[in-house]
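Residue numbering begins at 1 within each chain, and the chains themselves are lettered A, B and C in the order written.
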């Protein structure tokens, strides 16, 4: 692949879910921006492309190896930063400086964490986004130039949670909307339409990835319902997004397709819903969001043993853009 | 050693304290179950063998290298999960599902963490148990299917702790009971009789290991008393169990016997009591138990420098079942 | 260099800011002790040289490779322990035992963490001090033998911080004092005179290092003022010390001098001020101080990618005492 600036940048949003396809990326970007505008959050419609652009440009400025940039791997963490920071912090001069600084930072933090991970044959996944965003969101509570209006109140975990746990959805539409919102929450949107857009965008490049994303969200959402997660969290997809990412990572990216890897992916999605609850709990006293940390933690725990579920398959999970089966868009 | 399912599984409880002996393991298992029933906690008497069995079976299912399974290394983390989860969470359908899921998970998390640790020549010790149990216990606060009745109330650390610090034991029997309870607390029991059973079980396979376990518990218990730890914690052995494990790890497992390694083990037990207090403090806002994390943290800090206390000894602490002096039971 | 006990020990305080010069170290030690006595804190004037001595002696006792000891690298973490522990804990028998234990421990923890870091070509920096001091300070809240009078009250992060954010300094003297206090806070002093002493001591060995330390403190202090940090924190130098260390590490130690590395160092100092706020926030529920953790975290994130800003420069940041340009004092 040659480096076409426009196409390479657009592959960023697709790489959040492991796809190197500019059309997929463009659709996701469009979906996120349209969804943001529809719900009156113009700052996300600005932040998302800004974060994407800045982090991709940072890769160019630092003269990182081109192949990763062409595959869209410089930009996906910055794209998530651009979705997340304006979700939690009100627009201000400092907030926009932070979007730029934090997006740029994810690009080299990813290089660093990937070097660390490569020693153990795992990839940094979306953790550069999680780590950098946590640091800047936490700082917003002590710096008056930022107002963390979207952050929840720091509180001690309750002994008994009185918010009622989720009941079965009352209509079929609702039953479908919950996991679709879970897919949208990967990029911090709670719109079922955005979730559907993401699934379609994925299917263009890899039906298998699209399917596993949905399956993961279904497992997380209904698993949390059965386990007694809160109604609000289950309905808005907050138990779906991390299991969705774990399922697609284990089921469609890092392992060749087999019965074993399918069971592994389903198991991973189930465990992720518990890790989601645990991470939410751990962050309650700080009032910080879990972001995609539950996905990263669980997926690492499922990748690190370097198990193999197919004959002649040598496990190495340090990168996905060479090894995985999904092909890049044909535009280059 | 050949894989005898029954004997291999029974070696699990012994491997919590680094021994590959089925008789030692059987005695420990028996002690824990009898102690649990005696204090009316039948769910622990079910959970402990269940966790042990599930985690050992997981090693078989995942087709992990047999030698570790034969040595009982698949099961010891799961055994601890089976002791811990029912201690902190009331019996319910979800609680039993979690015992199974969490026990199984420790087996492959151990493989993963051991691979990471091997790069730095250290072993994951009981940290797979600690990490997985923390995640599932934390999740119990947000999932109504589990009721964490045994977890302490989340609270901000007090500036002054008003619970009186420990005084000298008033009778000789009490003086002996405290560190014996410390040994029992390794497996979350507070019974001095269980502690004594464990020491006897250890002595069958390795008198040296038994002695160091007791010495560590004595140092932790009485060190905490002198340092002003709370009466309740000191009396119930909560300052003894982690130093006991550190002492046996440094004094009887990872180093050949020498004056230098003996001083190192004593120093390690002393430091562990401070790390125990620190870990308890860090977890207060979350209301989670320290489990054996203080042992893992301190022992890593004492192993990572790869010091040698004997001539011609090349430090490599990544595994203990080949290198250690204690011989396996003769039954196979 | 040969091992002269007196000179080697004195290089310790200089190595906090990466200099292997006994005169620099002696001046810093003198400055800290004089500043402590001037403000009535005799326990720091005792603790600092005690921690330095104990940690250097520990290197000798453990028979660590001599070259690091001669360069003063055994003692700098212990020196910081001796500055920090008496700052936060009132003098008592247990407090002095902890100063000795914690100082000694930094020496071998540094060896261990450096071995881990070397696998990823980074150094442990001052993190052995941070980690060990955190553990012992946290333990002080649960052990009545220590009274953490200098620790702040554990509290949940406020949603709105009502302490007024910093205004411009009202006089030129004040404008200069703030960043000088930032330099002094590297060793937990809030005296501008001590800060000036440190800068002069550094300039003796390396004017470049002295300059970058000042530049980093200026960036952190005025950056935090512009971002809306609290008046008290900005004035007392608490936003300056970590950026100062990051700036000198990136600008004068780990990279050869170039335009690229200068921009990198400035960027690093800016990011550090946000990480400082984040770390402060994360530690609020525990009432623990950030120490130099923000410097360690940020510098690692800027070193791990192994970027190069000069032709023919092969990045390896695992140690500084061989590679760096500053020459050792000529006394040996």
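Please note the rule applied: contacts are C-beta pairs under 8 Å (C-beta built on N, C-alpha and C of every residue); 3 or more make two chains touch, one makes a residue touch a chain.
Keep in mind that this is a model prediction, so the values were computed, not measured.
Asker: What's the overlap between the neighbours of chain A and those of chain B?
Answerer: Looking at chain B and chain A together, the chains touching each of them are C.
Asker: How far, in degrees, do you have to turn chain B to put its CA atoms on top of chain C, rounded to the nearest 5?
Answerer: 120
Asker: For the copies chain A and chain C, give the interface type as same if over half of its residue numbers appear on both sides, and as different if under half do.
Answerer: Mostly different residues form this interface, as fewer than half of the numbers used are common to both chains.
Asker: Compute the distance, rounded to whole Å, between the mean C-alpha positions of chain A and chain C.
Answerer: The separation of the two C-alpha centroids amounts to 36 Å.
Asker: Name the residues of chain A that each touch 2 or more other chains.
Answerer: Those would be 119, 156, 285.
Asker: Within their complex, state which residues of chain B touch chain C.
Answerer: Where chain B meets chain C, its residues are 119-120, 156-159, 161, 165, 224, 226-230, 270-271, 274-282, 285, 300-307.
Asker: Provide the residue numbers of chain B that touch chain A in the complex, in ascending order.
Answerer: 62, 94, 98, 101, 105, 108-109, 111-113, 115-116, 119, 134-139, 141-146, 153-156, 285-287
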